[in-house]
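First subunit A sits with subunit B, and in the next complex the same chain sits with subunit C.
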Partner chain A sequence: MRTYILRRLLQIVPTVLGITFVVFLMMRSVPGDPVVSLLGDAYTEEDAIKARAEFGLDKPIVVQYVIWLGKLVRGDWGASILTGRPVLQDVMIRLPVTLELIMLSMAVALVIAIPAGIIGALRQNTWADYSATTVAMIGVSIPEFFIGVLLLLVFSIGLGGFLPSSGWVYLPGTCPTMVCGSSLWGNVTHVLMPAFALGVGRAALLTRLLRASMLEVIRTEYVTTARAKGLAERPVVFKHALKNALIPTVTVMGLQVGFLIGGAIVVETLFAMPGLGTFGIDAIIARDYQQVQGFALITALAFVVINLLVDLTYTFLDPRIRYS
Partner chain B sequence: MRSPRLALGTVASLAVAIVLAGVTTAGAQKRGGTLRVAYGNEIAGLDFHVTPGYEMVWVATNIGCGLIGMTPEGKFVPDAAESWTISPDGLLYTFKLRKNVLFHDGTKVDAAAVKFTIERIMDPATRSSMRSFMDSVQSVEVLDPHTVQIRLKQPYAFMLHMLAAYRMGLVLASPAATQKYPPEDRRAGKPEAVVGCGPFRLVEWVKGAHLVMDRFDKYYEPGLPYLDRVMIRTIKDPVTQMAAFKAGEIDFIADFSADHVDTLRAQNPRAQIMTGKETTPMVAMMKVTVPADGKPPMAKERKPHAIFNDVRVRKAVGCYGIDRKEIVKIAFKGSATPWVGIIPPGTLDSVDVTHMCPYDPARAKALLAEAGYGPQRPLTFELMTNTEKSVFNVIATVIKEQMARIGVTANIRLVDKVSWMNVATQDGPFDMYVEDLASLLTVDQNTYLSASTASWNSTRHIDPKVDEYYVRYAREMDPVKRKAIAREFQEFSADKLYWNMISGSPFYQVAQPWMKDYVYQAEFKVLYKKVWLDR
Partner chain C sequence: MGEAELRSVDRVGWVGGRARRSESPFAEAVHRLRKSTTALIGVGIVVLLVLVAIFADALAPQSPIASNQAQTFQRPSWEHPLGTDQLGRDMLSRIIYGTRISLAVGVSSVLLALFVGVPFGMIAGFYGGRIDTGIMRVMDLILAFPIYLLAIILMVMFTPTAGLIGTMKVTGAIAIVRIPIYARLVRGSVLSIKEKEFIEACRALGVRDYSILFRHVLPNCLAPIIVTTTLGIATSIIVEATLSFLGLGTQPPTPSWGWDLKANIAFIQANAWLSLFPGLAIFVTVLGFNLFGDGLRDALDPRLK
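Moving on to the complex of A and B:
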């Protein structure tokens, strides 16, 4: 097991480097560079040439990447071309917001998907199944921003500010800046709508997946045997059937992290949250190459680490699975 | 020697149709509280002399102080300078400074600080966006610790306008802090490096999260500011802005989308919705020349643009072929002013020459035929616009439809803001673009966007007559003669169409009913010094 984890951790390095290199190339291929934004009204071609040289943007792309990598190895994530702010510092300020959003949206998805998927499978072709399937279809079909706007209209505008529309309040003791709000209740009220907007689409997908897995598992021989031995329905479903049916669901959950990060860009922008999603999209729009690299690096790391954790949970769900 | 007529003239640009529920309430001001502000765009950085963007300007004018200020009525008022004189030849400006003005780092605002600031702006290495406005300055002399004299190379009628309100005006920099900290620290918003002499001091800027300013207790005006703190957040989505406003989470929206004003008004009948004369031009620029050899960008050797170098085509498309009233009706729900010329309707010395470009498709077709375009040789051009504001795309779409009516095909190319900026500034390929450009206080301020030598002269016209008009206008000290030059210039502009305006671009700010004594000054100034909260 330890060897397996070590091997997977080592695999992270080329994966992340590959991703950052591809992102590096893609950003340099997009028209426009950050120098025009940097100089603004004062733009002159002469100053632009000087600024490009100053930031090393006149060097060949591969050389630029090697320079970035060299700094990264020394723990230097670089500084924003536009603001001069250290990228790592900004990433660390924003990471907790997005992590909490993603975890809670996944929790929202599971809270909806597990009972709906089980009911759908156990009551196949009944009104309960049709309802779960229909809701799942609707959930998959509605984009995050639309659900978010609906939530805003109902809970912030319609109910006179019942839930805050925007911003962020940190969990007590986690405020990363000099000035910020921190309280448990404030945090919960701020994350509720964004997590629901982001999680409901995943819930729909996981419901359909879990229903299909459950249908397959409850028809297997070992489940029939368990029932024949006189086990009550609840342990049959939850102890025997669900654990096995969850394996493909957990796999998809890990893969969904990428979609959640993408969805976080939309949801964080809508709810004006100071998370990594808004950081990433602002950086891309402004062609702030250093910030884009920081965003790509942290999201790639998050994605591969979470998928490693997902793989490790297989051993809990199915003890027959052993890594060596 | 202040020019009252000039100041009065500015009424035209800044006199506002303010819809203020909370008007001035002398003596009733309450101290304390936090003003919660929403900006629609991120602050780009905090080096006041260098960083672009209105959001930065709206911070700079609260953290910084200048020599003089300007009221919405166009009257120049003292700031760090308590008085000033102008020599009869208009070449010497002498400012007497107050003795009790301090920078936030505790150092004194004196004549040396003024000299240091102006010289910093004029230094090409600083890359200040204010530098081009300082072209007339020959030298700055410290006469004594509290008297500073600015000598000009030639008379400049807009020296005071420039010092007071071009972009953020002259924002004084603490020599001690500026020399101690590198430019990167100011850009990054390190509070020790961003030192002004205004009513608020910077506490913290976390990009993407918030900017916090606290009252500067040693501000020179006793009792001001009233607020303890101003907290600025960026909320980009207008729907979220409205939700936050409705829920009372924010007190003030510094730049509200014109598309959503009616909805916000319906949801919040007591909201103070402020707007005024349009000082920002909405343009449909046509490229006039291109680099002679196709590269490099900005090449001095030019050749005519294949389509729009021909003034007949420019006029057919940009003058008679565009129905400005229809655009305003569709894109702005009628809230903007259809306009032709080189400056928008709310700018000082603006003259209405819109009658020179009546919508006349038949005339447009005739001009196109004269230029060799018609069914046998249809005209097709690329119409670029960007995603910054939805209204740009709406206008581009309406223009496309109007072009079809005169047998012209306009292919819309939608790009993001940075791509547009690159194309516009770097001589990139486009035939026409739709955008709203900078807010303009005076005709003179437009020099950096439209003189033939300007980097932002995105149409790349090479007509020196435009430059001559700007020079004549800026050096003419008689307001009546200056107004006549402005008229002549705007007629010339409408005739040549190097600069093709569609309309003004309305600007809105929104405040809660409890936010008192805020004075609307369009994009030029957003000042919280006298604001107080009556909650």
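Moving on to the complex of A and C:
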């Protein structure tokens, strides 16, 4: 097991290198460069050449990438071309926002999907099943930003500003600098709508998936055996059936991480949250190469680490799955 | 990616339902599809939307891009059933024309991904070895990206523009992101089909490789491809709307639902309907393709219920 984890951790390296290198190449082929927006109205060809030399943008792309990588292994994520701020510092300020958003939306998804999926499967073809599947069908068909708009309409505008429509208040203890405001209540009111906007779609998807795999599992012989030996319905469902039915659900949850990161960009934009999503999209649009690299790096890291965690969850759900 | 797509990606050798009696598998699938009310609702929505897109010129009461400073922010009325936006443009007309962008991008991006991804998947699965490793490494690299990150950077690379060219750029970006889904799906099916006896028989008869691939292997992995495509259109429409929402889709003045929704959020306090209608349009379209795709999956693979 330990060697397996170690090997998987080593595999992270090529994946992260691959993703960051491709992003590097792609960003460099985007028309326009950050020097143009940096110089603004005072742009002259001479200054531009000087500025490009200063940031090393005149070197060949591969050399630039190697320089970036060389700094990275020494813990230096570079500094933003436009603001001059260290990228790592910016990423660390924004990470807790997105992390909280994604974790809470995943929690929303599970809290809705597990009971709904189980009820749908156990009461197949009853009104409970029909309503669960209908709501799930609607849920998978609404984009996150539209759910967000509907929530805004009800809770921010309809209820006279009951929940704030934008901005962020940090959870006490998560604020990485001295300047940000933090309060528990403030945090809850700011995170609720974004977390639901992002979580409802995932909930719908997982409900459909869990219902389908529960239906498959409860028809297997070992579940019949468990029932035949007089086991109560509760342990049959939760200990025997659910654990096996969760395996495909967990796989998809892992695959959904990519979507959650994208969804975070959308939801953070809609609710004007200072998270990694808005950081990334702003950096990409401003062509701030260093910030984009930082964003790609943290995204790639999150992606591979979560996929590793998903694979390790299998061993808990099904002890027959062993990694060596 | 919808979960049905994921399932079919996972499902190696997912061959369509076997025919009972003398009915062809196709006729049987159509029969099953017609029995499902939800699938028929989906088909109905899709057909209706296609008609709206084709006859947009005749259906739209006004031009979707003609602004009218005297009639900004009109509430829904007889003259403007869905009201007007900040430039006085008729919202109903914008929604009707938006159908074109949404459907065009949704359908053509998936077809483009299909025409590139399927041959790659077939070649990788059929020949195996180095060819397989080479193709699948590239596909895995694309899949290793969170798809929105890739789509966003691709769109920034292509620089979003308006009109037909702008729509083609969005189509291309979404297609690139979706190619590996088909490649993996088809490769999986081919791997199991090529071990079947009838393929061995073809080889023994001296049938050429491409003829084996296209006439014997491909028809046997069509069912998952069809289902993935229908559900994929739904996903692509959401991705298009999301890119537009982020300002990276087809640019104004070309009417696009995602863009309209985003642009009107600024006025949501007083004019909520302006964001509601484009959102509803996206929702209904995606729902239509999802219902249709679900029905198709049940019809083509009776084992999945």
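In this text, the second predicted complex is superposed on the first by the 324 of 324 C-alpha atoms of A that agree within 3 Å, B and C clash if a C-alpha of one lies under 4 Å from a C-alpha of the other, contacts with A are read in each partner's own complex, and residues count from 1 in each chain.
Operating definition for what follows: a residue touches a chain if its C-beta (ideal position, glycine included) is under 8 Å from a C-beta of that chain, and two chains touch if they have at least 3 such contacts.
Note that the structure is predicted; figures quoted are calculated from it, not measured.
After superposition onto subunit A, the modelled positions of subunit B and subunit C overlap sterically.
By the touch criterion defined above, A:85 lies against subunit B but remains apart from subunit C after alignment on the C-alpha atoms of chain A. Of the two partner chains placed by the overlay, only subunit C lies in contact with A:266; subunit B stays clear of it. When the two complexes are overlaid on their common chain A, residue A:303 makes contact with subunit C while staying clear of subunit B.
Look at A:75: by the touch rule set out above, it reaches neither subunit B nor subunit C. Once the two complexes are laid over each other on the shared chain, residue contacts for A:138 go to subunit C alone; subunit B is not touched.
In the superposed model, A:19 makes contact with subunit C only, not with subunit B.
By the touch criterion defined above, A:286 lies against subunit B but remains apart from subunit C after alignment on the C-alpha atoms of chain A. When the two complexes are overlaid on their common chain A, residue A:149 makes contact with subunit B and with subunit C alike. Contact with subunit C, but none with subunit B, is seen for A:257 once the two complexes are overlaid on the shared chain. Only one of the stretches 327-335, 435-443 or 525-533 belonging to subunit B has C-alpha atoms clashing with subunit C in the superposition, and it is 327-335. Subunit A residues in contact with subunit B (one complex) as well as with subunit C (other complex) are 30-31, 149, 152-153, 157, 269-270, 285, 287. Listing the residues of subunit C that touch subunit A in their complex gives 1-3, 6-7, 10, 38, 141, 144-149, 151-154, 156-157, 159, 234, 238, 241-242, 245-247, 258, 261-262, 265, 268-269, 272, 275-276, 279, 282-283, 286-287, 290-291, 294, 304-305. Within the complex formed with subunit B, the subunit A residues making contact are 30-34, 36-45, 47-48, 51, 79-80, 82-86, 90, 93-94, 149, 152-153, 156-157, 160-161, 164-168, 177-180, 269-272, 274, 278-279, 282, 285-287. Contact residues on subunit A toward subunit C in their complex (touch as defined above): 15, 18-19, 22-23, 26-27, 29-31, 137-138, 140-146, 149-150, 152-153, 157, 205, 208-209, 212, 215, 248, 251-252, 255, 257-259, 261-263, 265-266, 269-270, 280-281, 284-285, 287, 296, 299-300, 303.
Only residues 42, 44-45, 50-53, 124, 127-129, 131-132, 167, 183-185, 187-189, 203-204, 206-210, 212, 231, 233-237, 239-240, 242-244, 246-249, 267, 297-298, 415-419, 421-423, 425-426, 438, 448, 455-456 of subunit B touch subunit A when the two sit together in their complex.
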